[in-house]
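To keep things simple, chains are lettered A, B, C and D as they appear, and every chain counts its residues starting from 1.
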Amino acid sequence: MQLSTNIWVWLGVFFTLSVLSFLYKDNPFYKLAEHVTVGVSIGYAIVLWWNLTVYPRFIIPVFENGHFILIIPAILGLMMVLRIVPKWSWLSRYAICFTVGGGAGMGIPRSMQASVLRQLEATMLPLSLNSATGINNIVIFIGVLTVLIYFFFSKEHKGVFGGAAKIGIWFLMVGFGATFGYTVMARLSLFIGRVLFILQDFLGLNLAG
Amino acid sequence: MLWKKQIPLAITFITGLVFGIQYFVPHRTSENLFNAYVDWEIVIGIFGGILAYISFYRAHTMRIRKKAPAWQYSLVAIGISLLMIFFGFIQGTETGTFFSNMYFYVLVSIEGTMFSLLAFYISSAAYRAFRARSAQATALLIAAIIVMLGRIPLGEQLSFWKLIWSNAPSFTDIANWILNIPNMAAKRAMNLGIGLGIMMLSLKIVLGIERSYMGSGD
Amino acid sequence: MHRPKVQTLAFLAIAVWVSMLLSGCVQESTAPAVPTGATVTDIPADDGTNILIAWRHYKSSTAKQYSVYYSLSKDSLENEDLMKSLTPIVRTIQTAASSVGDTTANNVCDLDYYVVLDDPSSENPRVTLVKATNENRDSLASIGEKVLQVESELAPVGQDELKLIYAQGDFYRVKPPDAPGEANKTTVENSTLAIDSTGPKIAEGTNSLIFELGLSPAEKAFRDAEDRIVPFDPEQNEFFLKYGTKILGIVTSKSRYTLDFDIVQAFIRGNIAPGQTYFYKIVADNGKKATASSEILEFTPQNEPPIPAMGASARWDAERSEVLFNWQGFIPSLKPFRDVREYTIHKFTKEDSACVAGEIIGTYAPDFTSAIVKGEFSEGDMFYIATTDKSDQRSVSQPFGLTPFKLSPPTLVEPLDVVDFENDDGGALSVRWGVPQIAIDIVAIDPSPKFEDKELGENYYLVPTESGYEIAHLEATEEMPIDPKAAPIVGVKESKLAEKFDVSVSYRMFINDDNDVLYAKFKLDDGKFQNDFANVGSFKFEGLPAGEHTFEAVLLNSAGKELKNPEARVTRTIVIDRPTTYWDDRPTDHLEFWRGNAEIIRKDTVWLAGVPGFDPTNRFTFEQIGMSELIERQIKDAFPDSLRDLGEYYYFVRQVAEDGSFTDSEIFGPITPKSQLYHTKKSMVLVLVILFIALVTIFLKLARTGRRFYLRPIAGIAHLDEALGRATEMGRPILYVLGLSGISDIATLAGLTILGRVAKKSAEFQTRILVPCVDPIVMIVAQETVKTACMDAGRPDTYNEDDVFYAAGSQFSYAAAVAGLMVRHKTAANFYMGMFFAESLILTETGSMTGSIQIAGTDAVTQIPFFITTCDYTLIGEELYAASAYLSQDPLQVGTLKAQDMLKAIYMVVIVIGTVAMTTGFMWFVNLFKIRLEQ
Amino acid sequence: MAELKQEKTFWEKLVQIDRRFIYLIIALAMTLPFFFQMGLPIPATKEVKDIYDLIETFKPNDVVILSADFDPSVSPELLPMFDAMFRHCLKAGVKVIAMSLYIQGPGLIEPVINQAAKDYNKVNGIDYAFLGWQYGYNLVVINMMENLKQTFPVDYYGERTEDLPILGNVNNYADYDLITSMNGSSTYMTWLLYAHEPYNVPMACGVTAVSAADVYPYIQSGQFIGMLGGLKGAAEYETLISEKRMATMGMEAQNWAHIFIILFIIIGNIGFFIIGRKK
């Protein structure tokens, strides 16, 4: 183990600790970290924004390849910026509506295909009792149906319907359980990532061994 | 009124309609229209980006001018962002530059750690708050525990019953089954609902029923 | 509070950065290496407009970009300003990520090597490394430099003050590894180990042998020699790769030698004239204003005559009175530079020994390499093939004679057709042929192979032979050293035969888009048929007993019916008594596809003497666009934009037999690709979308017109009131959290609706309600909501604006603030209605510690579980919307909800029917919902 | 009131234990294991293996697109995935294209890419391409399905993409053999909607454990070939390419962290019931 000599690593550790200090209570170090993030990410964003989009996708095409038509969307884009000028903010709507409308229009049939049709198709499975898959398929069939019923609001949960809804809630709970377990895992992984950073990059321990 | 509401709504409706239909039309013209639209959108968005940056600087300069509580932080934020821009353009963005170091060691450290706080909150919540309040909550917790055991290497070792009956399913197997069968079923049903919700929202937007995206004001 | 502390902090931070800017952020730019070793290659047999220039790029050089300037006049290269006017060929160098600074430099002082250069004056001297001995050390020191370090990884340039020398030489550092390398294994299938009087033998058998081998003598010698630096020896290539590390850089006290370079190539294509002499110069640029340029060199492109046709043959079928000519027209790798106008086949006569005046038998476009000529031929006829290029240069093949032969032209595949590609933007046509066909492959493996160890004596070696391996008993002696390829046998294992096998059968479908084929169903021995619903393409059988087994597979159409044609069914009976692989042979129709189009042919200036451009009736003006591949029984001729919309396209298909004889189809066409207006495969989506829109609009209309719909009571609402009651009893305030997201979020809106209800009730009970907000807009709306609620309750006095307030802007600060709130006010009931993220944990945990009743409602799937386990009641997902709709009875919300319900109902029906159909193998319904939009 | 004064029972004390104590335990549980590694095997689950196997079947000219659609907040989970898959692609010698729909993505993956390139001495632009980021989420996806080089005129280092040898004949959807999006939210839906569904490009995804459970429906429906779920997924992939890296190491800590969380839940609930019964 040898301590890192890289000033940046030290900086990283300093901020890691400043953020962790929030566990004790909200404090200036945490606030500093919070604002540094904002600063860095904005600066970072602006540079990439220019290097990777504005320059190659607008400046070059328009001023070198002469696709002047692109000036129109550019103007629309600038109209969007007018949002911050209360008097002119309504102008931004033209750009926004153009964007949002198209997006919405594209979305409907595509979601229909990807998250409805394909999903329905995948739920049509051959049921049978004499093979593991067959039985699993039965479980899936019941599961999907009953959960759909649980979220069906036009009929009171009574009788058979109510029974189905009850089964549905159990499926939901198992599903949420899975999410729960996985989420716990995720949260822990995040901290482990930081621990690894401190142990390896900062303290320079060789853990792989 | 007309200029501020009707026409924008009309634009939404028309673009929505056109590109809804476009999906079903493989014809060249429709292809070209689509691609042109996408190109335009990208340029619009690129310039829309300015909005975010301006509002950032506005917000913080405001705080500094107003000497709002803890305004010094805004000073830091602005100062650092300017530094990033300066070095990003002067020195480039490759590994080892100020720009990339700032990003990789500072930003990543901070944001990474911020969310890793949750590791602690979740552990104390696990201890003090996650309660099997009802049969269903119990089922949830049990499923969760199985998944948690199934997703770690140790899970195999902890499946003690395998000592007696060696080809019984281990925690890992059970977890995988839960994830692939009941969980899958439940999530599919929910996704169907969510998908509906999304389409519903899009439709309302196209039909001009949902307008909140247009921002406040008349 | 701690303002001063904060101030100092902030400025301290700034200071840290400023100091950092000064620390090592500055790089001085080192000039790149002078481009050297330039070579010029004139592309053979081209039209003299192509030149390939290659030179060395040293990896440690800072060169980022090379520009090759060329011109007819020398001085335009000498003079900077004139050079600016030239447009160079630019090659950007993709530098391998220059390492972040760490180099695995290793010190080799005590190895005592010296660098000696062949001629130090040259730009890239050749390095020799000499190991010093006591005798020659001093002399070496005088002519060379002592090696301090050898680098297997290039250090970033400009690190040290050493003189950079770009040298040549290929050396490896070879260290004897400290660990003894583990024995490598060789398996010999289908054999047994027979041990007789003469010793062990590898005999024919059903087992497999695994030999554990020690290092071969040669390898052992190489590996165990002392630590050394040796020039690379291709003979021992794999040893070098295994035990050596390539040396890329050598460091002495004075200089840093770089040995590692790439060859960079630049093409000059077109815009140079044949026969002219050009001058050129290569300029290296490091992207930071520092350049280095080579001296001025020259090249002269030539328009060579075409390569004469090779391997020409004439196979004569007397009774068909046909001759099949075959020739190798052009070197395939040079195709892009092909300069051929036509091939002509001539009769060869003694008189015309110069091959200039022979009678022409046929003329063919450059893509052709074979032709069948009808006519009367006689023994002893001789021919030659002349190749003419676009500038009328001509070269002729060796004269060749007839060889009697039985031509067997294949019968053309049936059916065969050229169709417009469906559902596209008119950018493709498609050639399709053949009937649906299936082939199966069977792989049987021993799931748990058992081996027994065999005993062999000392000094047995495994010697590779032509046929395989043999075991030899060898003793190394002075006069006869052991064959270096032979490896000492450390151990032998022989497999025991298995009784049970894992068998996987995979099938292949040979089909095209015109065939209506779904997948195969499959039968083992006389079991039941099973369908491959999931299109896995294979079936697995575990623990299949050894012996004879019958596998049957048949293709099904989209209606789940068996295909009738015999090719669509296979029945294979094979004996499985050892690990086996069986392969059905694939259909072997070998097709060539030829396309003709007036525009394209002109574009490519394929042009026959006497034939003006493209002629749809003359096959020899067509160009070949491809050959048939194995599985797909169709080719998609998708036109790049340059070849689109060029009017009429013609095709013909040539089917070639094993022996090279062929049959041509009739010419298809004219065909013009069409741009479809409707995508037929998306019909189901269309239906559902229309249904969706219809339902939504209808229900919204109805709801607007005041029609009341039934909504089932949501259990959660009852709990809300209960919690309120409890709060009132305890006389403690209640807390209402609207979540993190903005006003446009449906969840937030639902939350606000419910807030209205809660606020109204709490106003009636005169219970204080706290609403901390994140989003300013949400806050304003919330204030309005609460205010009106108090009005409705007839208790405007209970409304206190400060109770609906802005807590904090960022996620965690907000969580902390609200948590504090709970503790301070000992809130009796907490409501969480809206969109939540990770902070939900912090809130609900504190809530449950303060022992308040908690009721949550959100559509954030990842947070719901935490609410369920920490709250007394949770509105899950859409229940939240439902609750809000139920409370507000707002037509918009209710209508939406009803429409969604209707669609859900439809989903359920579809799923049920579909499942039944699938279970009963009633496929057509399921297929309505199968949409696969092909690539 | 009287009740409050009453002496606290063992369980009450245990349940109301100071949270910082719990923080300490869990912090140790996530740190110490690195010093006492168990090196337990991490067998790959089907979802992960399927991706690996597919790439194994690829030929040198096949194209794999790895899209790092995430930001630092989730990088501990997703970066190892990217790392493992990127390395596998280099190893398998397929053309691999790294990109990101999130502006913060490129900065994260660049060091990883460089390191991997160094370890396998592969060259940018020849063995792999790093296109960086482009504005427009779904627009980028739509656009690159039709024309990659127009969508990304330059790569992350500002080289014109036309000049990159690797992209020589990589132009549109027809040339992509696998797209894998690592994302911390549901960006995989964008890819599903605009890449997989219309063009049938094979897709896989790497997601944070948080959203992993929601992806299974799409695997079962065959829309995704497979999925890497959280750190475990990454670790499994590392096992497959037999390289012990960040994720595999992380699992050492993950083991104990999970065990302790489970213990917390159990103890907490026992306490809850005992106290409950007393009241």
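To be clear about the criterion, contacts are C-beta pairs under 8 Å (C-beta built on N, C-alpha and C of every residue); 3 or more make two chains touch, one makes a residue touch a chain.
Note that the coordinates shown come from a computational prediction; the quantities given were computed from them, not determined experimentally.
Measuring between mean CA coordinates, which chain is farthest from subunit D?
Centre of mass proxy via C-alpha means gives C as farthest from subunit D.
In angstrom, rounded to a whole number, how far apart do the mean CA points of subunit C and subunit D lie?
From the centre of subunit C to the centre of subunit D is 19 Å.
Once you find the CA centre of subunit A and the CA centre of subunit C, what distance in Å lies between them?
The answer is 25 Å.
Indicate the whole-number Å distance between the mean C-alpha point of subunit B and the mean C-alpha point of subunit D.
15
How many angstrom lie between the CA centroids of subunit A and subunit B, rounded to a whole number?
The computed centroid separation for subunit A versus subunit B comes out at 2 Å.
Counting only residues that touch at least two other chains, what does the list for subunit D look like?
Subunit D, residues with two or more chain partners: 23, 27, 30, 73-76, 104, 107, 111, 114, 134-135, 156, 197-198, 209-210, 213-214, 217, 220, 222, 229-230, 232, 254, 257-258, 261.
Two or more other chains in contact with one residue: find those residues in subunit C.
6, 9-10, 13, 20, 97, 100, 682, 685-686, 689, 692, 812, 838, 861-862, 865-866, 868-869, 877-878, 904, 907
Quick check: what residues of subunit B touch more than one other chain, meaning two or more?
Correct list: 20, 23-24, 39, 41-42, 45-46, 49, 70, 73, 76, 79-80, 83, 93, 95, 103-104, 107-108, 110-112, 114-122, 124, 126, 128-132, 136-137, 140-141, 144-145, 148, 151, 179-180, 183-184, 187-188, 190-194, 196, 199, 201, 203, 213.
If every chain is a node and each touching pair gets an edge, what shape is that graph: line, ring, star, complete or other?
complete
Going by the contact rule at the top, pick out the subunit B residues touching subunit A in the complex.
Residue positions touching the partner: 3-4, 7-9, 11-20, 22-24, 37, 39-56, 58, 70, 73-74, 76-85, 88-89, 93, 99, 101-122, 126, 136-137, 139-148, 150-151, 175, 178-196, 198-199, 201-203, 205-206, 213-215, 217-218.
Which residues of subunit A touch subunit D in their complex?
Contact set of subunit A toward subunit D: 23-24, 41, 44-45, 48-49, 51-53, 56-57, 60, 103, 106-107, 110-111, 113-115, 118-119, 121-122, 140, 175, 178-179, 182-186, 188-196, 199, 205, 207-208.
Sort out for me which residues of subunit D touch subunit C in the complex.
The contact residues of subunit D facing subunit C are 111, 113-114, 117-118, 121-126, 159-160, 163-165, 173-174, 197-201, 210-211, 214, 222.
In their shared complex, at which residues does subunit B touch subunit D?
My answer: residues 34-35, 38-39, 41-42, 45-46, 49, 93-95, 100, 103-104, 107-108, 110-112, 114-116, 119-120, 122-124, 126-132, 141, 145, 148-149, 151-154, 156-157, 172, 176, 179-180, 183-184, 187-188, 191.
Any idea which subunit D residues touch subunit A in the complex?
20, 23, 27, 30-31, 34, 37, 73-77, 103-104, 106-107, 132-135, 138, 153-154, 156, 158, 189, 192-194, 196-198, 208-210, 212-214, 217, 220-223, 229-232, 244-246, 249-250, 253-254, 257-258, 261
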